[in-house]
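See structure below.
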């Protein structure tokens, strides 16, 4: 089956005059099959949001995609497309859901109008037909009384409802891929579960692939098909969800799991990963995690490990995981 | 410091220099020079006016007067305005409510109108009194600002903490809230200097403010009207000085505002 | 909405009346010769003086005076003007037109050209042209309007002779002159006062619009709209400009007081026969009733401006309508 999305050696850099460029995303490669839910997990600053934004090419001003980076969607190379051609893709093939529903909705525009805007951006429909569709979308995302809600302003809706509206807008173009950047971070825990369930349902009913970007390992379990763990602009580990949770290979992933509080823990102190996330202008040499790694060997500070297979379908960018010893 | 701030400080410094040192090195502003309406020259840097008086000397003395009047006025309006604003914003009890109504009324009366009505009734005012009256009309703006800040700070956690520790309203007002208002008050005061200078110059231009023999930039511009063609320096010298002075005050005020609120543009 | 409007209008009227009352009381207690405007330094016999004092209620008590003035006001009568010996209301009516003309045109230019320039400057904030425009507008705002006016007169009227130095029309133009000539003449007289007013006030909407658009352009919903494939023009209009409108609208209310302050001085520079120069000459003549009347009119205009601004704010910002 042809992958829906193939990202090859993605490199995002910010040139700085008189200084070396900032490279917050460095050589990231992954593929996504149609209907698959891929989770991109990492702490803030690891480059996961930029990776997500690079797909519809909505990077901030000054960002450059590497010359030999390639993003292929449905077999078509999209890195070289013009702005006009990209607009045909945005919303229609690749849709984005943002983190903060408070500020991601235009406060002076009615919710229905914003959804209709998303619809008419890609299809020619009459006003009434668009409105019908908007109401249908609101129903699909689980908003009660959609016929009334459609004429309301964002400030009249709760956080959870606003996020559902965002999802409805994202679905308006019938996209093949939905990129959800921390879709539940700004919401209460109970609402989080509902939104995730919604995404799951939509994925099943529409056959839509989802790239779920998050820092929360917890929401990934039981939902994602595969997980990519990102650290310092690179992919540290990639594995099917069950495998990752059962036997994390990369020391960073292990550290993440160890630091999740457990109800049955007996010791009083919560384990943490020593040190802090490096800054994009000061990536460590060799393996970027080595200064904080509990099992680092001398080779780690010298040469960067490749993302190689350490178990069936599981890859980790770690010398130790790949079988090396001190 | 931003470029704007630097320009403001430079201009302000120059004008301060003019006001302080100018009258010392310049000839007597009332003494007649070699002749009337002379072009600017090495003898008379800004030329002479219709009474053969040295224009540079008049501009320099005018600087002292304009700045002096403006500073006195701003001092008065800041004092009254801050007090009124603090009282008005302090609580919802009757005292505060009355103060608040007073501020609203003060805001409803345009400053220019009040000044003109006063001047129409009373006529000429001696210079210090003029400055005081100018100040007495400028307090509502600052009061509104301080009232707003007081209301905002009243609900701040650190104020609640002080109250929980047993401080009474007055103490809270003075020690916790008042310092928080100083920043915006400083900005308003600086901009208020520009405002006061503008008003003083304008009223002097109408013949209602600073009267002869005191030289004032506004008054000089009024006198320059008749000689626009023959002696444009009579307009340009005080005009440019006044323009630079108000620009300096405005730029400084803006720069202060920006440094106190880094997110505002 | 209509309930709010009613209450807000009532509040505006009440405030205007209260302000007028305060002004009246203030004037009553001020020292000065109330008959100065009438006598104008002419000697008067004791009989004449007594009659004048009676007529102008010089020795009346405050309540009496107050009741007389505001009683008449209720009937639209602002009393007679001692210096002109005509009803104040009539004098005001004659001078209202030119001020409104100048004010309306200034408003028009400020909120079209000003907003457009502000938007333009926000869309390319680092360009030299944009920064220059911003700096120039600040200079225009900071420098006193009458100085700007005088310099314009000196440049264009005295030195170059292209435009008339003042007045609203050429007094020598015959009454039966063709319409185009009259129109052209009026236009020539309008240019300099209008330019002065615009230079003095355009900075406010311009910079406010610039700041608002810059703030909005960084907001996430703009990126979200682009992510949906919305065309760039629609993004700029619906998602940048429209939300930036809200803070600008409140300017309209601030604008009227600014106009009031500026008008007095600018009209005096150009001998523009409006309320501003009227109030200036009336002050010189110590004509307190006239100044009071004009002042009252200006107080009402300020309240009106504030009311309109509040109304517009509610219309433009949907979150406010619920409040």
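Which chain is which? They are A, B and C, in the order written, and residues in each are numbered from 1.
Note that contacts are C-beta pairs under 8 Å (C-beta built on N, C-alpha and C of every residue); 3 or more make two chains touch, one makes a residue touch a chain.
The shown structure was predicted, so the numbers you read here are calculated from the model rather than taken from an experiment.
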| item | value |
| --- | --- |
| Arrangement of touching chains [line / ring / star / complete / other] | line |
| Comparison of A-C and B-C by number of C-beta pairs in contact, larger one | B-C |
| Distance between chain centroids, defined by C-alpha means - subunit A, subunit C (Å) | 55 |
| CA centroid of subunit B to CA centroid of subunit C, Å | 21 |
| Numbers and ranges of subunit A residues touching at least 2 other chains | none |
| In the complex, subunit C residues that touch subunit B | 15-16, 18-19, 22-23, 26-27, 30-34, 36, 138-139, 141-144, 146-147, 150-151, 153-154, 158-159, 210-211, 214-215, 257, 260-261, 264-265, 268, 279-280, 282-288, 291-292, 294-295, 298-299, 302-303 |
| Complex contacts: residues of subunit B adjacent to subunit C | 104-105, 108-114, 116-123, 194, 198, 201-202, 205-208, 221, 224-225, 228-229, 232, 235-236, 239, 242-243, 246-247, 249-251, 254, 264-265 |
| Subunit A residues touching subunit C - in the complex, by the definition given at the top | 56, 58, 87-92, 95-96, 98, 100, 103-109, 114, 117-118, 121-122, 153, 155-156, 166, 169-170, 172-173 |
| Contact set on subunit C toward subunit A in their complex | 219-221, 223-231, 234, 238-239, 242-243, 245-246, 316-319, 322 |
